[in-house]
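Below, each structure is written out as structure tokens.
Consider the two complexes below, in which subunit A is the common component and subunit B and subunit C are the respective partners.
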Partner chain A sequence: MVSSMDRTLGVSATQPEVKVRVRNLNVYYGQNHAIRDASLDVEKHRVTALIGPSGCGKTTFLRAINRMHDLTPSAKVTGCIEIDGVDVYSRDVDPIVMRRHVGMVFQRPNPFPMSIFENVAYGLRVNGERSRDRIADVAENSLRRAVLWDEVKDRLFESGAALSGGQQQRLCVARVLALRPDVILMDEPASALDPIATVKIEELIAQLREDYTVVIVTHSMAQAGRVSDRTAFFLDGMIVEVGPTNQIFTRPKDKRTEDYITGRFG
Partner chain B sequence: MIAGDRLGSSRRVAGLAGVVLTGFCSALAAGLLILLLGYVVVQGWSAINPSFITQLPHPVGVSGGGVANGIVGTVIVVGLATLISVPIGVLTGLYLAVYGRGIAAELVRFLAEVLSGVPSIAIGLFAYTILVKPFAHFSALSAAFAFAVLMLPLMIRTSEEAVRGVPTSIREGALALGLPDYGGVMHVVLPAARPLIVTGLLLSIARVTGETAPLLFTAFGSQFWEVNPTNPMAVLALQIFTYAISPYDDWHRQAWGGALLLILAVLVLNIGARIALAGRTKKF
Partner chain C sequence: MSIELDSPRSVATASGRLSQRALTTRQAIADRLFRISLVAATLVFVAIIGGLFVELVQGSWDSIVAFGPAFLWSSEWNPVTNHFGALPFIFGTVVSSAIAIAVAGVVGISAAVFLAEFAPRAVARPISFLIELLAAVPSVVFGLWGLFVLAPILGHVADPFLQRYFGFLPIFSGTIYGIGLLTAGLLLALMIVPTVAAIARDLILAVPNELREASISLGATRWETATRVVLPSARAGILGACVLALGRALGETIAVTMVIGNRPAISASLFAPAYTLSSVIANEFTEATSSLYLSALLELGLILFIISVAVNGIARLMMWSMLRAQGRRP
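This part shows the complex of A and B:
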């Protein structure tokens, strides 16, 4: 344990701060018990990968963090998810306000049916930003951060749907960055993309680590190995093992993790 | 073996008969439509000239004259009906698509389905009872109301399907960005559904443009220029009816001309609907 004295002395560099703390999370879809008693600490300014076979609950887990299950009437969530010590499921938290601080990038690029610029500006405007100059500034910065600016700067007012899949996905990242979230959740962000677009997204994720806390669900173990600092292995709705990515991949403690890593199932 | 075996002859005959029969019926259907369109064009073409489109009807016995007031009346009545039915239809469809679970939504869907089967003359009678009789005055507005009721079921259904067709991921994207759910739906989902909604709207307009029965006791018809919707008004479909049952050859000719105009209008609306659809496929 780290005492408060240690923290003030800067020991937090070796003992990273926990940004998202999940305790005893259970998610049910009707009778289906999709997440069973999962607990996880997501460290600040780190990329945490959630891996596991299809249907193991990693996406369900991810979507519990920003309360996307609120939309599904049959879904029930119990347990506790804290972001910076605040339980996102508590009565005092407005999910709409909370989601502004927890961005999400989806499996398939989902640009809004509007121009490239509007896609990025829209979130700002809806959240009360009135200054045109400021919106333009933030939009440009976000597009630059998402490594998309050079490709779209001459056609900002064309439809976002006209971009290639990889560009659309980076546009979706820019859209999220514009709101300066604390945490970015990514649900297999490269699964619908070709290899070159995948590389670009992965480079982008690596850069995001500096300012954001990223949780990424991925099917590809190679991708988890390339982009993540820590990895959690899911199986049948449970978290089997969590640890530094290189340790999970080279010296897994659990037999099931080892079986999965070495490709014996999934 | 694959090469050696052949299908039994009875099965081959049945297959061939199927092809012939379905093909024959398709040709028959297409042929009837072409015949109908051709007949209207042949009959109506001679009636259509600049004065037919720009002049008022002439009194019986005076040759010439046109249906200009009916064209304008059609635009006014259908336009008013659109103004009434679009907000109600689109928002109902939106509600059903996004929040439409449970008994209340099922009831709305069921009622819309029933409504789409109600004969237009019954709807006209209803409009007559609540909007004409109490005021003792025929009006274009009452016709617009009847048309709006006729348009509603189709508007509701196409809007619901259009909104359902928008990928959930777009709605979730808006939600994840911290938009209140209704905000995401109104600003993001609805625009994405717009091409299909416009298609549905154009088809509903095409559907009512040729409706005549409800007009008999609502718009009633008029020989004069009339743009005030609280007055009786000439409507093209109604003029066709009046002219067609008249004993005068000149009016018969004009009835065919009016029919041709209506068919052309519906054709344009249908082509517009296809273009709107094509716009959609480009977007997603």
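This part shows the complex of A and C:
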């Protein structure tokens, strides 16, 4: 199995910093062994795409990073996930504090049933921010960064549910950006959107790379090719191959990756 | 129009299409019959409501003519002199139901949040079952329990306690009897709390898990998630559950009759005996000797009917505005 050991291949001269280091991750749902001994280095200020056929474990892997499996009583996680060298599963780490630094965008847009403004303010409020001015500032900034401000600035206090699907998803991105997270996890963020909204989300992801580290699960290889710097190919709960996206797509080293890329299965 | 021969649909021959049309005609008739029966079944409800209203107005016509609108604010209820007024009964009904929905709303919604969001399944299942069981207890049994258990406890323990520390408030002043407005309100609360808890629990469980996950992923605790995201998502439905429960409280007769004291008086004290619209109808209907007396009782029924309809109507308007605020269509 090709592991992340060969990540130096094809990477530009300056050695990129590793933001998230995953080692020997195993996730079980009851008897089901969903992730098998997966290891991956996620580089800082890069977009890392997780691809693979349905049920291969890429979403499970993603959700292990911000400890969302804590909510599932039957799920068990072993192994090590470090963000900036801190094991997020260690006893000293409070998952609630940790999640503040790891934002998540979900498959379907899921704005809260409150106003556009309150959606963005929510993360700040639950994390103890009281200053109205600061919340207003951050909310505006976040909406601008999510390229939504111009569309919503005149109706900030209308319901978030009244927006279109694509706008809702960008609102969900703004909601995450308000907390200035280190890492943004995206679980097929465009799968419920129409092509135009998809393009907007992809452009947004490209911009986010400047300040954030993004891990994106996608079932669309074309999308992985468009937005990501590095790609990890998952199969049956294992990471088969990881490398620079153009290398994975043009010169995959593993036969299984090649079969998947060329559309022989999945 | 051209027919593509390679399309599987167009394989049907001319005769095939004719027989298909015959089938369609038959289907159209069946469809129409089906629709007529559905409309008829729906109209039954309109007829029932309309019929009830007309019947009540007719029955209470003598009283309406005799007392006019003053019936609503007159406190006199004297079958001997044939003077009747509804105010004490309206007061008793509204206050006892208000106590009931205030208590049952808080307790029921809290229990629902706990059962749906926090309790492990091994706890939530049996308790949910018990709640539903409680909803099935006949009201006369509640009444007996209220008379022999709740009223003595309130009369000997809770009411004196309230009076001792909060006696400066008019609502906790005056003589303590054990039975009275507060007892009736609390008993009613007990009777309607299962409705609130069971429906609210189902509504909370129906809130999409994605919202909880979004909240948790932003660093919210489960408590913050439950109170700030989950409950507001379900609030329009929960309001509906409360109105349903309130409707039951407004109309509840036998249990209230057993513990409210049945005295047509308006007192500031919640410890004082009172009377409700439904209780007086049940108690005095058989002994209504004059036609005006009977008519006055029916007018009380009409008032109860109008109060119930008004409460439901107001609640419906509130739900609409809540759903609109959430950007959903009612």
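The rule we apply is simple: the second predicted complex is superposed on the first by the 253 of 266 C-alpha atoms of A that agree within 3 Å, B and C clash if a C-alpha of one lies under 4 Å from a C-alpha of the other, contacts with A are read in each partner's own complex, and residues count from 1 in each chain.
By our rule, a residue touches a chain if its C-beta (ideal position, glycine included) is under 8 Å from a C-beta of that chain, and two chains touch if they have at least 3 such contacts.
Predicted model only: the values in this text are computed from it and were never measured.
J.: Looking at the overlay on subunit A, is there a clash between subunit B and subunit C, or do the two fit?
T.: Overlaying the two structures gives a clash between subunit B and subunit C.
J.: Figure out whether A:C80 sits in contact with subunit B (first) or subunit C (second), or with both, or with neither.
T.: After superposing on A, A:C80 lies clear of both subunit B and subunit C.
J.: Is A:E158 touching anything from subunit B or subunit C once the two structures are fitted on A? First, second, both or neither.
T.: Once the two structures are laid over each other on A, A:E158 reaches subunit C alone.
J.: Which partner chains sit in contact with A:V18 here, subunit B, subunit C, both or neither? Use first/second/both/neither.
T.: After superposition on chain A, A:V18 lies in contact with neither partner.
J.: One more residue to check, A:V93. First (subunit B), second (subunit C), both or neither?
T.: In the superposed model, A:V93 contacts neither subunit B nor subunit C.
J.: Taking the superposition on A as described, I'd like to know which of subunit B and subunit C A:A136 touches: first, second, both or neither.
T.: In the superposition, A:A136 contacts neither subunit B nor subunit C.
J.: Jot down the residues of subunit A that show up as touching in both complexes, subunit B in one and subunit C in the other.
T.: The overlap between the subunit B and subunit C interfaces on subunit A comprises residues 66, 68, 71, 96-97, 99-100, 102-104, 106, 108, 110, 112-114, 122-123, 126-127, 159, 161, 172, 175-176, 179.
J.: Considering only the defined contacts, which subunit C positions touch subunit A in the complex?
T.: Interface residues on subunit C, with respect to subunit A: 208, 210-221, 224, 228-229, 232-233, 325-328.
J.: Which of the residues in subunit A end up touching subunit B in this complex?
T.: 66, 68, 71, 73, 96-104, 106-108, 110, 112-114, 122-123, 126-127, 159, 161, 172, 175-176, 179, 185
J.: State the interface residues of subunit B toward subunit A in the complex, per the touch definition above.
T.: Residue list for subunit B touching subunit A: 101, 167, 169-170, 172-181, 183, 187-188, 191-192, 194, 283-284.
J.: Using the touch definition from the top, list the residues of subunit A that touch subunit C in their complex.
T.: 66, 68, 71, 96-97, 99-100, 102-104, 106, 108, 110, 112-114, 122-123, 125-127, 158-162, 172, 175-176, 179
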